[in-house]
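Read the structure below first, then the notes.
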Amino acid sequence: MEVPLILAQNLSKTFTVAQKDPGLAGTLKHFISRRYLRIAAVRDVSFELQSGEIVGFLGPNGAGKTTTLKMLSGLVRPSEGRVRVLGFEPFRRCAEFLRQITLVMGNKQQLIWDLPVLDSLRINAAVYQIDGHTAKERAREFAALLGLQEILTQPVRKLSLGQRMKAELMASLFHLPKVLFLDEPTLGLDVNAQLAVRDFLKTYRDRYGATILLTSHYMADIEALAERVIVLHRGGILYDGALRGLTDKFSPFREVDLELADDVAAQALAGYGEARKTQRRRYRILVHRQGLMQALAEIMARFDVRDLAVKEPPLDEIIAKVFSEGEV
Amino acid sequence: MLWALRKALTLVSVYFAYMMEYRGEILFWMLSGVAPFFFMSAWSEAARRGLTPYQANDYARYFFAVFVARQLVIVWAHWNLSEDIRSGKLSFRLLQPIDPVWVYLADHLGERGVRLPMMFAITLVFFWLYPHALVWPGAAGACLGALLAALAFGVNFLVSYSIGLLSLWLEDATEIFDLWYVATLFFSGMLAPLSLYPQAVLQVIAWTPFPYLVYAPAGLWSGMEVDWRRGLLALLFWNLFFLLLSRWLWRAGRRHYSAMGA
Amino acid sequence: MRYLKLLLTFWQTSLAARMEYRTAFLAAFLEAGLEAAGKLFGVYLFYANGFDFGGWRWQEALLVMGLATLLDAFFIAIFNPNLRRVSEMVQDGRLDFVLLKPVDSQFWMSTQQFAAVGLPFMVVGVAIVVYAGVISGLGAGGWALLALSLAASLLLAYSLAFIFATTAVWLVKIFNVVYFLNTIVWTGQYPLQAYTRPFRLFMTFVLPIYFMTTAPAELALGRRTALWLGPLFLAALLLFIASRVFWRFALGYYSSASS
């Protein structure tokens, strides 16, 4: 069997955090003796990624996504377990390893605030040993893909949030990394900018055959990019598999939209599942997957059905439901 | 090797551009380094009343050299690090296949490119006001002084960098650098030429890096009596000492940074 | 009254924020001690070489030095952090929030921060002033004059610093202007008569350091008549009014320039 490109075995990470009560008394107490709390951010997580995969990391805030990405990119050393990326142990920071990966953090930025993007790119070119000609070509290529041609010579502080994020992406991928760790790459962007970032990532993957592991709050990002998802919750893995399978596993319901010839009360349909009247003579029922066929047959028999559609509920609703319910 | 050189040049030139954005800031920073001229004034007044071993003009020469030496060794790596740690920017630096210390060093060297021309302007004004203080120390003295100043910069930079690394544990270590700064202020020959210090004090501070940081280069430039061999050796020793300390702190600090969640 | 309460709340929160940093506080203590010792050593060097700063007994020179240390402590604890904040808030536009509040904006911008690391310097400064005052034989009148003229000199220093900080509205980044001002205050640790004539003129008429440390000591020691207190306060008040007018003017510019 092929050696996995990314390997995480029984990863765990525990942090210690200082605690402080509010107010002056709390301040003084905190000054003299401190209480610490141990927080398990990641617990016994194992997974593998093959070359060329795009995997989405899902989970509410604090699920351990960012910590896992940081362990994979060598910023954080695991408390327990084993990580291998491209055959390297990330925390050692081998130059050879660092040249092949990147980590994009949507909430932080690496560009030099008061200088144009091109100056930051010059630094990256020197650091990653990209010669002048190639660097120029690549800057042109990326700028064209992201629609940034006009703004490369403006100081970063003058850019809009969307432009800045795109420029961040450009700088982070400038050395053509093989493995991309993306932590909320579309955070706070408007729909157009989100689309542009997604398209860019797709193009990059196709052109350079990269492996991508990304987290996002926007389901649309995951749906558009990832074939496989890993769901984290409270530091552990809840699900690892195909995106489609997620629906089956976590949402045993289907949404049935009905249009009837007669106007009836919603309660009449309540026997088949959670029923709601959306308009006059129109209804929406959440029906359990297993009883779906039977329920449809009964409805057809009992009512004069004008129109009928069966849908899967939207993915982000499922996800939200899973997380609010906690354990599944 | 060639790549290393290119890397260095690019880094320094980008940080030069960066510092050019802050030229106004740097100018005021330089102006806040004018304290030696006030000491010059006080000692000149003392000399005018015929009370000290040196003439007013000697003081002018000496304190001007002190001003230059201090401008050359100014560092702020502790501040860079503390800022990068607080804002999380250090994570980006760690992702790059280059030790962050080089980036901070480039930042300092790039700034010198902005500072030096301004210093030249201040020099012109000074010699216009004090034409007699313009005495060339000789090529050997000038070069040796420059070498000592470069080494003094090395010590200062490594101390600042090491203290910055302490921010990994202490949240904010910038105040600790102030301790170093204050000690430098009083024991490096800023107050007066070290030759005016009492023997007992001199004997104690000879074991610290302080007397070599400012007095060694400034004394050479202004024709004071300086044991440059001793200064050279001491500076080399302290460079090595703080280099090893900073490497050790870096290794331990990275483990700790990781424990905080990077 | 409302302002007093606000002031206390401001300082309590910034104290809480800073107390996080235990080592910083400890370092500040050491630094305050070291700096006082160093300054003392500086004064000693002059006296050991037979220079009495143009007619000052050493305990009197010590009084000047103590006043300079105290003034420096006020800069570290209150003026520096707040004035730096002006520049920050102009940069990121947070000044808008302050302008929306029903509180005098100059008061807000001058008091919202309190740096705990300045406390050790204050303690040391007060200790030196008291010690030097006692061995210089200050009477009750002398102490009263000292307190009054110190108040005037603080107002003077604050107004000057605030005027510098206000330029941030145009120049945006002015952190180092504050540094520059610190150095200037630092030179007030020796009596004015210690310096050569051009420096004396500069320190009296260009940047009025003379009024901040030497003048209060002279008044307290009876080297000048108490009548000089009048002009001292007048100068401080005038500069204070100037700082208010200038701030108003700058805000007018700020609100018309921002989008």
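The first chain written gets the first letter, and so on, giving A, B and C; residue counts start at 1 in each chain.
Following the convention adopted for this analysis, a residue touches a chain if its C-beta (ideal position, glycine included) is under 8 Å from a C-beta of that chain, and two chains touch if they have at least 3 such contacts.
Keep in mind that this is a model prediction, so the values were computed, not measured.
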For this structure, which two chains have more C-beta pairs in contact than any other pair?
B-C
Of all chains shown, smallest offset between own Cα centre and global Cα centre goes to B
Distance from the CA centroid of chain A to that of chain B, rounded to the nearest Å?
47
Whole-angstrom distance, CA centroid of chain B to CA centroid of chain C, is 27
Distance-wise, how many Å sit between the C-alpha centres of chain A and chain C, to the nearest whole number?
52
Junction residues of chain B, two or more chains touched:
22
Which parts of chain C, given as residue numbers and ranges, touch two or more other chains?
20
Chain A residues touching 2+ other chains are none
Residues of chain C defined as touching chain B within the complex:
20-21, 23-24, 27-28, 30-31, 34-35, 37-38, 41-42, 45-46, 48-51, 53-54, 117, 171, 173-177, 179-180, 182-183, 186-187, 190, 194-196, 198-199
Mind pulling up the chain B residues that touch chain C in the complex?
22, 24-26, 28-29, 31-35, 38, 41-42, 44-46, 48-49, 51-53, 170-176, 178-179, 182-183, 185-187, 191-192, 196-198, 201
Chain A residues within the chain B interface of the complex
15-16, 41, 67, 70, 73-77, 91, 93, 95-96, 98-99, 101-103, 105, 108, 110, 112, 114-115, 119-120, 122-129, 155
Any idea which chain B residues touch chain A in the complex?
3, 6-7, 9-11, 13-14, 17-18, 21-22, 87-89, 91-92, 94-98, 255, 257-262
